[in-house]
Amino acid sequence: MRGAKSAKWVTGAIIVALAATACGGGKTDEGAKGAKGAVDPNGIFSIELGEPEKPLLTGDTMESNGSAVMAGLFSTLVDYKADGSLEMINAESVTTTDSKTWTVKLKKGWTFHDGTPVTAKSFVDAWNWNASVDNAQGLASWFADIKGYEKVHPDAEGAKATSKTLDGLKVVDEGTFTIELAKPVPYFAHKLAYIVFAPLPDSFYKLPAKERGAKPVGNGPYKFKSWDHKKQIEVVRFDDYKGPNKAKNGGVVFKNYTTLEAAYEDLKSGNVDVLRQIAPKDLPLYRQDLGERAVDQAYSAIQTIAVAFYADQWKKPKPIDPRVIQGLSMAIDRATITKTVLNGTREPATGWVAKGVLGYQPNAVEITKFDPAKAKELIEAGGGVPNNQISIQYNADGGHKEWVEAVCNSITQATTVKCVGDGKPDFQADLTARKTKQVKSLYRSGWVLDYPVNANFISDLFRTGAGGNQGDFSNKELDAKIAAADSAKTLDESVKAYQAIEKDLINYMPSIPLWYYKVNAGYSENVSGVAYGQDGDPILTGVEVKKK
Amino acid sequence: MGRYVARRLLQMIPVFFGTTLLIFLMVHSLPGDPVLAMFGDKGADPATLAAKRHELGLDKSLPEQYFVYMRDMILHLDFGDQIRNGRPVTEVLGDAFPITLQLAALAFVFELTFGLALGIIGGLRAGRLADNAILLFTLLIMSIPVFVLGYIIKMVFAFNLGWISPNVSTVPQWDELIAPAVVLGGLSLAYVARLTRTSMAENLRSDYMRTAVAKGLPKRRIIGVHLMRNSMIPVVTLLGTDLGALMGGAVVTEQIFNIKGIGGIIAESISRREGTTLVGLVTILVLVYLVTSLLIDLLYAVLDPRIRYA
Amino acid sequence: MPDVTKTATAVEDAVAPPSAPESKGSHKQEKARSLWGDAWHDLRRNPYFIVSSALITLLLVISAFPSLFTSASPTMGDLSNHFLGKAELSKIGSPEWLGYDQQGRSVYARLIYGTRASVMVGLCVTAIVATVGSIMGMLAGYFGGVWDAILSRITDVFFGIPFLLGAMVVLQSFTERTIWVVVFALAFLGWTQITRVMRGAVITVKHADYVHAAKALGAGTVRILFRHILPNAMAPVIVVATIALGGYISAEATLSYLGLGLSAPTVSWGVDVSAGVAQIRVAPHVLLWPSIMLSLTVLAFIMLGEAVRNALDPKLR
């Protein structure tokens, strides 16, 4: 019954313990001191989770419920830390000299839950399978960087694959393989942390199609035990796990709740141990209710208002002056709205790149400051808003109505531009309107990180034709700058180039940044060491269960 | 009797197909594409979408989809698979229906006992204080929307008094379902009470009652047999269609008490455009409705000697 | 909501003679000439009628002229008033006397301006349902035979879809939910109950002597239907419709609670109720007042229906 957690479904499964203070979540560091003999290393804890929407496949799990389970069952080559730097998990090393050809060496002795060894072939075969158009996996486009993708997965409707395997993938020996990309991507190694790059055991391909996602066999810290649909999913610790993030508990029970309210009530009465979200109804009081056990921590996601550049309003008679959009941005009182209407669950944004990713710069731009006088001035200077009226499209099932109304009120009161919320009944209707280019003026948009590099918040959103660019924003100048940043020699240079682009975005205003997301969650007295990753999900392996 | 039943059964056929076709068309006229939405905000390329549509049979024409669905349902009891996660619809509904049935049954018993009791008291004391008090009470119950009633009961009994747990467990126990059943059955209770009262008051003045009194029959027998039996006819009609209505109307109650019945499936299927699930669900509800209304009509013959079926 | 369908069955049986199965029971019908006059005489003395009609009149006045009751705007809010103020009876009528909502809007102003939406939904749905249902019921009941069989099966088809579920699907198929969309969604499945009531009533009436007399005198079908049958078969329909009106208002709110009723920027009690549910712990007043108004309004119409039923059905006296 819950709406989509944010605009994009939560992707990017990260399970590396956050350095306790790095993400501003000072409250979560009690795990370290809580471990004084009272911990039961085999204790099992429970966590609130909705029913995963799809079968548990590495190539098709993109919403938050499925991702949370998959994060425990599979380990990828690398993962990233809170500062965006990489940590090797299943890989011994991931190296490159030219950002085009990457060499992966695996750690020795790793096995899948069924006992078979994890080899270079396990990765290459899994990637080929996930990339193939025949398997219609939702995350296939993640392999688009790799040479030969268009042969395995042609995009056009009805097109047939001409190859089963990606040309760019080569097994060197049992523990080594190479990846050749179509063109250099300095931050490719960071993408490898995503679940779609996980390995699969040989047994996977032998299963009938319907059973593949029913009982996943992975290489992660937890082993799949059972899935009682809409009731619970159980996973238990995998004792032969060789990775650095070995589970500190005996296993996890993912308990299904139809509403967040119900989960919260159960948390208070001790029937569930960890929550991932707090219901709107309980947000104003949960810090009071839970005290130390309340979690309030930033994660790498941002809410924006995007401009539908294809709408008549913005292109006729002439393309809109970015100063008008700057003015609208400065007419929004982010501080007050986040404090009141959003109950402090968001933090005003000061740029387009979310916190916690490589290249985040505090106070990147000025145009997110609330300044009604300046706002009016900018709008006038830019020739005013056509018709003096705007609307913001949103999906009414995702808890957006309240802030859209508040933003509209703020804009109208500051600038006299008439603003109304354009609520679509649900995510489906909202999505369809966006995909078919039916948005009349502005629309709510959001972005959770895919990989912790600032490029993800710029290139994947504002490049001409990029997957996340649904407002048809297109600017040759900006495209050229992005291309230059992508072809930088090193990751460091690329990140710096993107930082410059972020500051420069005020001259294009492809969207209006609103605020960063925060994790608002909590846990019971039975557990300690509960921390949340940059995707907002709790880190399962670090949870310690107290002896009863 | 046999011919009557046969005719009624024949009449059910067009209704059955009409209703399933209607809901099928309604679901397919919803804006939004279930396959597109599977891939979230980022979407997928046309090739992937086409492959998925083909896999699910959604690339066929509407009449063909309906035909295939009905054929599989009738011949193999196969309600198809869910679009989003590929689970068989029979399995999904098989998990949820028993829970809702349990809730609806409890609500039914509740409205039956208390509704009849209040109605009988009101009917026998028509015009007096008890009757008026019952009238006022039932009017109040009828005017409070079900979600408000649900919240009031949850607030008072779960949070303030602590008598019940605010949420029903995944596999509900009977005692946990009492509060939700009261919420669900409250409205029907009011109607049952009103109807029983009206019907009783009306029959009290009928000829056969006067005759029975004149014959000198004992009062208990007059009320118990003659009055009750005749007054029950309209009440039975109401109750008959009510079991199905309770099941279809449990959405709100189930949401308030976190009950994993068909209410959640209805809401989820609508927002995900799960045509197969919704049509399957409505099919079962329609069958429940058709069968109960047939049984009710047959029951008339037992209750009312004036009705005879050819 | 189940209430709507139940009203039908309940009243159908109380007012009209039992029509199922295929109406073989004995029928009695009061003399039509004095029915309406008697009813009015009766109503004027009924305290339920007096209270409910006073309440309904007030609601209609508020709907027509909301600005007479408050000077505050129901849509513009000031966030510095966010959830401010609890009810203060001493300031009755001022914008702040019932407190402010999440957006800093006056709860009182929203109550006043929200009246129109609820009352409109109730009245419009009832008007449509009564018209469509009556015509269908009249045709089925009067012509009988094949007509009856076809129309009755169509009615069964629409009746077979659970009301709430059907309304949810219909509402979901519109991307903008105005009052008219909600009206359509409720009327889409709502007409069946009136059809059933009307059909039963017409079957009873059509064998009356005055109908045969009119036929013998050569009156046309249309004339017979509208001059002789309709006026005499209308009583149960009026009763069902009045009580159902309250049910529709309640139904709109319930759909809003599920997030499917009217949507902002329309001001309605349902919209406020659905917002209030999420804020119940910090600001229960946001949910409380619209719920009370809603219940009062529904109560008023149900009471009116009760009173009318009592007046029209002398058997109950």
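Chains here go by letter, A, B and C, matching the order in which they are written, and residues are numbered from 1 within each.
Keep this in mind: a residue touches a chain if its C-beta (ideal position, glycine included) is under 8 Å from a C-beta of that chain, and two chains touch if they have at least 3 such contacts.
Model, not experiment: these values are computed from the prediction.
By C-alpha centroids, what is the most central chain here?
That would be B.
Which chains touch each other through the most C-beta pairs?
Ranked by C-beta contact count, first place goes to B-C.
How many angstrom lie between the centres of chain B and chain C, each centre taken as the mean Cα position?
21
Distance from the CA centroid of chain A to that of chain B, rounded to the nearest Å?
The separation of the two C-alpha centroids amounts to 42 Å.
Between chain A and chain C, what is the separation of their C-alpha centroids in Å?
Centre-to-centre distance between chain A and chain C: 47 Å.
Scan chain A for residues touching two or more other chains and write them down.
397, 426, 429
By residue number and range, which residues of chain C touch two or more other chains?
In chain C, the residues touching two or more other chains are 172, 175, 277, 280.
What residues in chain B touch two or more of the other chains?
30-31, 255, 267, 271
What residues on chain C touch chain A, complex-wise?
76-77, 79-80, 82-83, 102-104, 171-172, 174-177, 259-260, 263-265, 275, 277-282
Can you tell me which positions in chain A touch chain C when the two form their complex?
So the residues of chain A touching chain C come out as 279-282, 284-285, 333, 336-337, 340-341, 396-397, 399, 401-402, 405-406, 409-410, 412-413, 420-426, 429, 433.
Using the touch rule from the top, collect the residues of chain A that touch chain B in their complex.
Of all residues in chain A, those touching chain B are 1, 4, 7-9, 52-55, 62-63, 133-134, 136-138, 140-141, 153-159, 210, 213, 229-232, 255-259, 261-262, 265-266, 269, 397, 426-429, 431-432, 435, 467-468.
Which chain C residues qualify as touching chain B in the complex?
Going by the criterion above, the answer is residues 1-3, 5-7, 9-10, 13-14, 18, 20-21, 24-26, 153-154, 156-166, 168-170, 172-173, 175, 246, 250, 253-254, 257-258, 273, 277, 280, 287, 291, 294-296, 298-299, 302-303, 306, 315-316.
Could you list, by residue number, the parts of chain B that touch chain C in their complex?
The touching residues are 4, 11, 14-15, 18-19, 22-23, 26-27, 29-31, 135, 139-140, 142-148, 151, 187-188, 191, 194-195, 198-199, 201-202, 205, 233-234, 237-238, 241-242, 244-249, 251-252, 255, 266-267, 270-271, 278, 281-282, 285-286, 289-290, 297, 300, 304, 306-309.
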